[in-house]
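Two complexes come next, and they have one chain in common, chain A, joined by chain B in the first and chain C in the second.
Take a look at the complex of A and B:
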């Protein structure tokens, strides 16, 4: 019983993390039909900037509680710089190309950014563990969980709720849905599609970086974290149905619980379990759990 | 009809490679060996690209072929290169025939993602299999060929090299003939318009399935040969970045001719080995920029440079 509870709690924590890293990816795909491999690099950039900035903040004796604000600022900065540079500088010349070609374009961006990270931060790992332990911990049975996990959970719920609200309740969100539905028609109706793409990509980039900054205190920040994370985000997004927000949430929970069960009961199946879920879902529902019906085009 | 120089080039190239092999310095022989292995894999990618599907999980078969060769040595104590190669081809043919049953129904991004999932499943399994060395992999010793022990003799390296050249030659000739056959020509038609191919009475699913198996077998053969040449294998071979590299070299080379993958692989491996030596932290960046340039200005890959010139002349 205690173990089952641990599986659930671990699973929910992991689900929150998965949702945070995947939500930007699914947003960008939903609007722009780009499966953005560079999302992994934005995650890495976020983690590195958080490690640097929060490290600087703490080492200079500023109040440690402020490090959370610093991490948030780091994510916003990365999104605001990298998002526009990638979208305006490169992607906008590629719109209308094949989806697979767009994947390769973002793969190229991923490769470039991977080395950019190495050049800017070197290849040695960074650690900023302070924000992880700062908030104390809570006990469940004889297990102790740092309260930082609640921050993760809260952030996931908040991001999901805000995005859902913006998409369904605001004027901007409705315009976005119109663009998703029919790009050309909404352009003809006077929506500035280029601007919608620009804002979506920047917000998506910010969310990717935020995933990185929130993760940074829990891991050693080192080269390769982007490549590791992007495949997990792919798995979540593809399981949920590309471009679907509720799909990503459900997929994150599903994958999170399955993986945590695997880790507790059969640790050798850890990574395997995630991709098994992905393969099984794709086999049962080729376009993921929540996918829109598409008219067949000749 | 204009004369197609592909076959003579393949024959002449193989003979030259076999003839100069013994006189090459060790590093050059190794470089050619490894790039041929890579070229064989990319040859299979080329076939898939011609068919209009892109696999982001061909590392699966690359790794499977290598591990089929490796387990023969590790578990069954069989260290005959020829047997290893045959085993790799058979294992990957079986695996791809089975997975192809599923994948043949998928297209575009879903084909790419499902194949990625399969390769990551293998990666996840191998990383946790301690009897096969977990994430470190293990060394394999391919000491014999067709019953003759070559390990420790002066021709040891040359035999591995020659085996690769011969396999690459066979793969190249096969692919050249296949692309000009009825099935092979359907590939391009499917990429252009799948529905019309169905209307004309050909089975799109079958063609994709067959091409998938062929490309998987080439990836498996290339993986086994790479394992024999390098002498070490690890689960990284099934990681998605390995598969990404295959797609990358395929795009870089272009799908115009069976020679393109070998040329692309050779350029790629040469740049990689020198970049590792002189600037290990910027070589991926160079790759990324090259890829963007190729996608923007040479959608047909490097090979289109040749064909473009020929048309102008």
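Take a look at the complex of A and C:
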């Protein structure tokens, strides 16, 4: 029983992390139909910015609790700078081209940003471990978990809920859904599609960076973390059905729980578990769990 | 002209011709440096603690060799008077990329030798390619015993011991300090290094303490980054000891995540390759952790002129003293220099002559004596050391250091490591 509880808790914590790193990718694909490989770099930029800014904050004797706000500011800054630069500076010239061209373009951006990270921060890792243990811990049976895990869980739920609310309950969200459904018709009806794309990409970039900032206290921040992450994020997005928010949430939960169960009961299957989930889901539903209906155009 | 003058003129003319014929060759040989391809992690999880220290050490060593400032017996400038030049390549990117990079180094960059590879997977991948390219390649840091136990190479050498001694000495040290240990859990990376380390360690423990229980073996993928479920599984295993050969960013992330969860207040931790992190993770490597340096290197290197030299030249380039990957790279350069100069002293140092001189060579290093006595003279052996961490003034220090001689920790030639362990680890003759 204790082990089953551990599987569920570990699984949900891992799922939360997966959802946070994948949600920006899902949003951008859902609206813009761009498989944004540079999402991994945005995650890395968020992690590096958080490690640098929060590290500066703590090392200069400011209240450690303020480091969480600093991390949030780091994510917002990265999103506000990198998002518009990539979207306005490059992607807007590519709209209307084949999806594969956009994949290649974002891959090029990913490569450039990977080198930019090395240029700006060097190759030595950065540590910002304090926020991970600062909030104390809670016990479940004989297991101790840092409360920071609750922050991850809370952030995942909050992001999912806010996005769902914006998409379904607000005027802007309904405009977004219209653009998702038919870009040309939305434009004809007076929706400024360019602005919708700009805002979506910026928010997506901010979410990618937020994934990095929230992960930074748990890892050593170093070159290559973006490449590791983008693979996982893609797996979650594909399992959920490209562009589906509920799909990404369910996929993250599935992968998290299955991986956790593998680690606890059959550790030798850990490496394989995520691909097992992907294979089973794609055999049964080739377009993922929540694949969107596509309107046939005449 | 009288006959006396003619007698003098003939040898003088012959001498002049000889000088004119040989001078360009000598000048050319002196001017053209020996190009060495250095392959080490410059990015990715292993760059900070491993790759960059190795690169810094290699650059400092090459400068020192070229200036002729290395202590005896290495005082000759460069290799036999010829200066050295480095061509540095990033090891990040996986084995397939490294195979392509090795071909580039040899066929396009035209290097004379290759010194490189920290990752065991990379070593296993490039060794057959180096053989095909007929280029002397020195593996300087990777640990898997499989390189020379599962194959035989003419052009490939490894100047540091393989990982079996880490498991043997680690288990001996553990049992000498905690003889009552009853259960063992492990977390190791799911590739050659992690799998071999765990297999060797459990085999040694089974031989030395058969009643020991293996509780769990966690094998996360290389670069997993998140270890929540693994830490819970280790906590629930209630193991007396946790063995780990994690390294690079994986070890750092694991320690950052495991320490707040009190994993190490319940279990003794042994980190086979933990030495490079001593100055990087203060507060996150608990006191009492058993630490290995994969040889008597880094904090375990004993005082000698060569050790003082390496510490001095490294400290001039970096903020810290050298860790064990820096010692590994020093062994590679000094081993190759020894072989090159031995071959040169017997004539032209061609590839075959250097290989012949290298096989079964013994040479001094900052870590002590290195003997090329396994893998038909291509695989080095040394003794090793282990110690236990304690925090002093906010920094991690190592105490209770114990050295293990080569005959206690290395299988002799002709027997596979795992067979030697299962047969009771009978000391060989060295």
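Basically, the second predicted complex is superposed on the first by the 294 of 298 C-alpha atoms of A that agree within 3 Å, B and C clash if a C-alpha of one lies under 4 Å from a C-alpha of the other, contacts with A are read in each partner's own complex, and residues count from 1 in each chain.
Keep this in mind: contacts are C-beta pairs under 8 Å (C-beta built on N, C-alpha and C of every residue); 3 or more make two chains touch, one makes a residue touch a chain.
Everything numeric here is computed off the predicted structure, so don't read it as measured data.
Once the complexes are laid over each other on chain A, chain B and chain C cannot both fit and instead clash. In the overlay built on the shared chain, the residue A:198 is in contact with neither chain B nor chain C. In the superposition on chain A, no contact is made by A:95 with either chain B or chain C. Of the two partner chains placed by superposition, chain B and chain C are both touched by A:118. After overlaying the two complexes on the shared chain, residue contacts for A:270 are found with chain B and with chain C alike. By the document's definition of touching, of the two partners only chain B reaches A:242; chain C does not.
Of all the stretches 80-88, 98-106, 134-142 or 278-286 given for chain B, the clashing one with respect to chain C is 134-142. 118, 123, 267-268, 270-271 are the residues of chain A that lie in the contact sets of both chain B and chain C, per the superposition on chain A. Across the complex, chain B meets chain A through its residues 54, 56, 102, 105-106, 108-110, 112-114, 116-118, 120-121, 123-125, 127-129, 195, 239-241, 244, 247-248, 251, 281-285, 287-289, 291-292, 295-296. Against chain A, in their complex, chain C makes its touches with residues 42-45, 47-48, 51-52, 92, 190, 216-221, 223, 225-226, 228-230, 232-233, 235-236, 249, 252-253, 256-257, 259-262, 280-281, 283-284.
Across the interface of their complex, chain C is touched by residues 2-3, 6-7, 9-11, 13-14, 17, 118, 123-125, 127, 129, 132-133, 137, 142-146, 149, 215, 217-220, 222-225, 228-229, 259-260, 263-264, 267-268, 270-271 of chain A. Those residues of chain A lying in contact with chain B across their complex are 35, 90, 93-94, 99-101, 103-105, 107-112, 114-116, 118-119, 123, 227, 231, 234-235, 238, 242, 267-276, 278-279, 282-283, 286-287, 298.
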